[in-house]
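Below you'll find the structure, written out as structure tokens, and then a few comments.
Order of writing sets the labels: A, B, C and D. Residues in every chain begin at 1.
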Amino acid sequence: MTNAPQQNHISVQQQDFDLAAEYQALTANNQSDGAVVHFVGLVRDNNLGRQVQALELEHYPAMTSKALSELVDEARQRWDLGRVRLIHRVGKLGLGEQIVFVGVTSKHRGSAFAACEFLMDQLKTRAPFWKKEHTQQGEHWIEARESDRVKAGDW
Amino acid sequence: MIKVLFFAQLREVLGCANLELEANVRNIAELRAQLAQKGQSWQEFLASDKALVAVNQTLVNEDCALNSGDEVAFFPPVTGG
Amino acid sequence: MTNAPQQNHISVQQQDFDLAAEYQALTANNQSDGAVVHFVGLVRDNNLGRQVQALELEHYPAMTSKALSELVDEARQRWDLGRVRLIHRVGKLGLGEQIVFVGVTSKHRGSAFAACEFLMDQLKTRAPFWKKEHTQQGEHWIEARESDRVKAGDW
Amino acid sequence: MIKVLFFAQLREVLGCANLELEANVRNIAELRAQLAQKGQSWQEFLASDKALVAVNQTLVNEDCALNSGDEVAFFPPVTGG
């Protein structure tokens, strides 16, 4: 894979990302991987019964890239992966906007599914991002979910 | 000196994004205790069951040793993704 | 969701598909689903040590759409899903070409991941497609894998 | 009449894509037995541990009853995806 693009791509950014370009980056000149799994997280209109108007994402810049790199390294220790791309947006995001992308390629689908879900589950509990929700009733910080903690611990 | 950062609702309830301290605490537990003296909300919101802590950008436990030059960050459980 | 595109899309086709268009169809006018999971299967260059040049996909046309619809119905009984899109190509496919797409949206990522992997695992053992591999040493039908049978049974 | 279809390597080894039979078999087991009389490769490759079977486009077991007008398909374990 000497001429392949870098095997890991990790980015924390305000600007939006283009799924088609991410897919291209995962698959171009990569005929050894038969499986591609993508996750995209989007701002949805309803959270625990609250009508959401927008989200604001804060992070700890010095730590986020490092934390995400560690998660990708852990995933590579557990599964035989090809390329991994992970993008997390920060700043203010409107309804329906893209928040996070995780894309993984592998020779086999089992590894690609597992690694993609592992990365999302770990990111939810170990990467320093915080969401503030804007609703008609005002703004508030989203509470961490016990179910996310349990999921991350199950790996 | 130790640099201390606060994020998200912790930054808001404490009204403080960052501060610097003399490095006269040996570990995280001692740092929490020292910061708790700054007032009621510091005592309440920096409790170890409410605020996670990272030293030099890595999550750590209460017994993590501190040294001059370290960057310590307190923050609520994360909610990204 | 009265103006939303149909919630299920199932297609067995010779022509290629466009991932960006599939993503668009899954997410357009869909602000209630925060999670999108995609799987894409591609023709890889190596299978069990054999250098693959192309694949040929045969199917049982009267049965394929029916079998895939049943799998999607089963997935909807197990998980709370938004939109599901499933495309399987047939005919001759060259190296790196797209074979199969499964896209699932849901309010929560756990359901989207599980349903997408469930659909792939079940499709691998219950939908009437067969692959013939073209290699430098000639052509042969691919053997079903015990590991696929086990995976499908694990759900 | 019962319509019988064969797919993939089964079609190739039998040299037959489809055939029609009088509906004088009551179930799949009897149909396999009747087809096995057509020759060595039919006996070998239509064995219940080698060939899956669908009736009217649904996977079935050996005891599935057959009726005139049914479409029966024999095929190897599937390998799509």
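Observations on the model:
Basically, a contact is a pair of C-beta atoms (placed from the backbone, for glycine too) under 8 Å apart; a residue touches a chain by one contact, two chains touch by 3 or more.
Just so we're clear, the structure is a prediction, and the values are computed from it rather than from any experiment.
Among the remaining chains, D is positioned farthest from subunit A, on the basis of C-alpha centroids.
Mean C-alpha positions place subunit A and subunit C at a centre distance of 22 Å.
Rounded to whole angstrom, the centroid-to-centroid distance between subunit B and subunit C, based on C-alpha atoms, equals 48 Å. Rounded to whole angstrom, the centroid-to-centroid distance between subunit C and subunit D, based on C-alpha atoms, equals 26 Å.
Centre-to-centre spacing of subunit B and subunit D amounts to 71 Å, using the average Cα coordinate of each chain. Those residues of subunit D in touch with two or more other chains are numbered 81. Counting partner chains per residue, subunit A shows two or more touched chains at residues 41, 109, 120.
Inter-chain contacts occur between A-B, A-C, C-D.
Against subunit C, in their complex, subunit A makes its touches with residues 19-20, 23, 27, 30-46, 95-96, 107, 109-110, 112-113, 116-117, 120, 151. Partner subunit D is touched in their complex by these residues of subunit C: 41, 57-60, 62-63, 66-67, 88, 99-100, 120, 123-132, 141-145, 149. Only residues 5, 7-9, 12, 54, 57-59, 71, 73, 75-81 of subunit D touch subunit C when the two sit together in their complex.
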